[in-house]
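Below are two complexes that have chain A in common, paired first with chain B and then with chain C.
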Partner chain A sequence: MSTALREAAKAGELTAEQREAVRDLILVLADSKRLLGMRYGNWMLGAPELEAGIACASMAQDEWGHARLLYALLKDFGEDVDALEHGRTAAEYRSIEALDAEPGSWPELVAVNAFVDLALTLQFEALAESNYLPLRQRVQKVIEEERFHAAHGAAWLRRIAASGDEGHEAMKTAIAAITPIVLRWFGPDSNRANAIHDASLIDAVGSDMRSRYVERAAALLRDIGGAGAFGDLEPDFSTFDEATRRTPGTSPDERTITQIRGDRNREFLMD
Partner chain B sequence: MIYEIFARKSRGEPLRHIGSLNAPDDDLAKVYAFSTYDEEKWFDMFIVQRERFIEVFNRLDAAEFEPAAGEPAGESATVHT
Partner chain C sequence: MKHEPAGNGVTMDHEQDARAKHRNKAVLDASTRTTHELRASDSPRDERYRSDDPDVDVLWRALCEVADPELPVSLVDLGLIRAMRRDGDAVHVDVTFTASACPCMEFIILDIRERLMQEDGVGSVTVLDVWDPPWHNDDMTAHARALLKSFGVAA
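== the complex of A and B ==
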């Protein structure tokens, strides 16, 4: 299988199995980035201080940029990029389930910032040396921009946790709602996952990704005196679809997807 | 707390004051400085708490040092609040 380790400048150089797995991963990441941008964007107004609102605007811009860059990559896989970006219903989205609902409070948004954005960034880091060159060439910029998102999440996490019992409790509750979803999102150690790992298209999958995540997230949790938040490291994959990394039949909220598609302003499109 | 932000476009260039912001601590101040003032491609950026500024002199107060030569006589004695 030495040919499988060759670098690929085009998706057409991958095997059908690899091509499908890489394409699915890119779409999962693109949709997740887009949803995350929407979640940040919604807090441009309403954040606890003006500067935090500006930070949300800036992070939203970054996420939308990352999403576009990923969608554009799918052209190489024969996809209609415009249809992917603007033509799908909520049920067709593959974004991480932790972004399905609008964060209802600032601590919930901070938990998303610190623990969901981290999961996406770790997934990008695992692609930094990918043998699929178009992806590798784009990953570094994403990782660099994410440094400031991580700093924002960590600083706010500490601030809220230090604000008193109420803040600490709100933070813990918000984090506890996210981490089991994220741990499952990395997926099982399946043949499908191993196929892209063995070809060095990604440098970790499944439980290795979970270990990386737990290590990085634990450092954040120690900061707020909340160790031991990860109970079961063996998620239940019985309802998990590996291609979408979701439970079939679930989806992000329709309202947000309507905004993404731009339905209300479609009539103004000139082209 | 109020923080003042300084940056420059290239190594060797003097630091330039580019703005200020409100933040509760240094960590968030750094994040906010970056997200608020990242429109331009800076070479480096620094922040300092405004209260950490040490005034050397001020032409209106003129307590510690005489104003620079050539200042109109009498101005340093002007009373102001």
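== the complex of A and C ==
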């Protein structure tokens, strides 16, 4: 391992390689948080109970808050934050592929809550001691707020599993679709990943993240009697773009991105 | 030190985003909103939220008169004001929020600026949002807890 970098108060203090990798990671996380907020938000009025709908509203608000904290950081990397937030097409989004489509049922949303939100939180935990100070200073707040999301996801997971009806099957099918995407999303142990790991900008490379995820997700799966839903622990990265953490040519649905951009709201701007 | 120094230059665009400010001008105009009237003299001093420098301490007192937009409690008593510095006529305030998606951020920042600009010798106010350490219930003063209890909010 090379010598650890000293603390960086600004992105300009990182090497070009580190800067690009950290910037890409922040954008991937920000876009994923934004999409996840939309997915939660759409269930504010469709959840099976009033309390669950309110929880979705609250989680959506948190996710958008986290996205805002992250987008704001990208100014330090010379980005036009307003253009990033409001000027991109669906094809330019870097959100995790497991959020590309709207969950079609409540059990599918619960699968997202428990298994996609977990992946994002684990990635934040790996940044809790980052040498890039502005990021580290924001991570703890995110992790604290995520505890409630994890508790909500786990509680509903068990509840749906205990019901034993078709909702349980729908949830298991959704989990089986999510986990391989997440395991690949953590990325290969590449030179790029090692460059930021060696500089203590992050405390894990892809394989570490996969181990952590499997450990935490397995505990959830045990609770619902559905072990063995993981895909290959050595994912196929042949179509994987490390910068976007996606397969090129894929994207979230355009309708959702139009809503996120706020195209229709712009008609009401008081310019 | 409990609070890491701010000033890494990374903050939300409170100053520069003129367009957003313009867009929200009507809703953000403090004079059109009802806020709770607070007097600094009603707020007992908490050792954490004062300064030995009288020129800075007067600013802490001033913010004891700025209520949270949703509660009859000052921003100081809530523990949202993390630090204040004076550099000539420029004042720098580090502020945190109870939640990362606090819907009142812009209100709070405008209220801080408006109140501090009324103090003698203050020519500009820069507000920096800080998140480390995250806000916690313990950051509230005993006075804030008592007020919230009387207001029916669990604290």
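Quick note on the criterion: the second predicted complex is superposed on the first by the 264 of 271 C-alpha atoms of A that agree within 3 Å, B and C clash if a C-alpha of one lies under 4 Å from a C-alpha of the other, contacts with A are read in each partner's own complex, and residues count from 1 in each chain.
Please note the rule applied: a residue touches a chain if its C-beta (ideal position, glycine included) is under 8 Å from a C-beta of that chain, and two chains touch if they have at least 3 such contacts.
These figures come from a predicted structure and were not determined experimentally.
Asks: Between chain B (first) and chain C (second), which, if any, makes contact with A:Arg68: first, second, both or neither?
Replies: second
Asks: Give one of first, second, both or neither to describe whether A:Thr239 is in contact with chain B, with chain C, with both, or with none.
Replies: neither
Asks: Please indicate which partner A:Ala55 is in contact with in the superposed arrangement: first for chain B, second for chain C, both, or neither.
Replies: After superposition on chain A, A:Ala55 lies in contact with chain B alone.
Asks: Could you tell me if A:Arg158 is touching chain B, chain C, both of them or neither one (first, second, both, neither)?
Replies: first
Asks: Which partner does A:Thr173 contact after superposing on A: first (chain B), second (chain C), both, neither?
Replies: neither
Asks: Per the overlay, which chain contacts more chain A residues, chain B or chain C?
Replies: Partner touching more chain A residues in the overlay: C.
Asks: Check whether A:Arg136 is in contact with chain B, with chain C, with both or with neither, and answer first, second, both or neither.
Replies: Second partner only, chain C.
Asks: Tell me which partner A:Thr258 touches in the superposition: chain B (first), chain C (second), both or neither.
Replies: After superposing on A, A:Thr258 lies clear of both chain B and chain C.
Asks: Across the complex, what residues on chain C touch chain A?
Replies: By the definition above, chain C touches chain A via 4, 8-13, 17, 19, 22-23, 25-26, 99-103, 130-134.
Asks: Would you tell me which residues of chain A are touching chain C in their complex?
Replies: 9-10, 61-62, 64-66, 68-69, 72-73, 75-76, 81-82, 133-134, 136-138, 140-142, 144-145, 269-271
Asks: Please give the residue numbers of chain B that touch chain A in the complex, ascending.
Replies: Interface residues on chain B, with respect to chain A: 21-25, 27-28, 30-32, 34-36, 38.
Asks: In the complex, go through chain A and note every residue touching chain B.
Replies: Against chain B, the touching part of chain A is residues 49-52, 54-55, 57-59, 148, 151-152, 154-156, 158-159.
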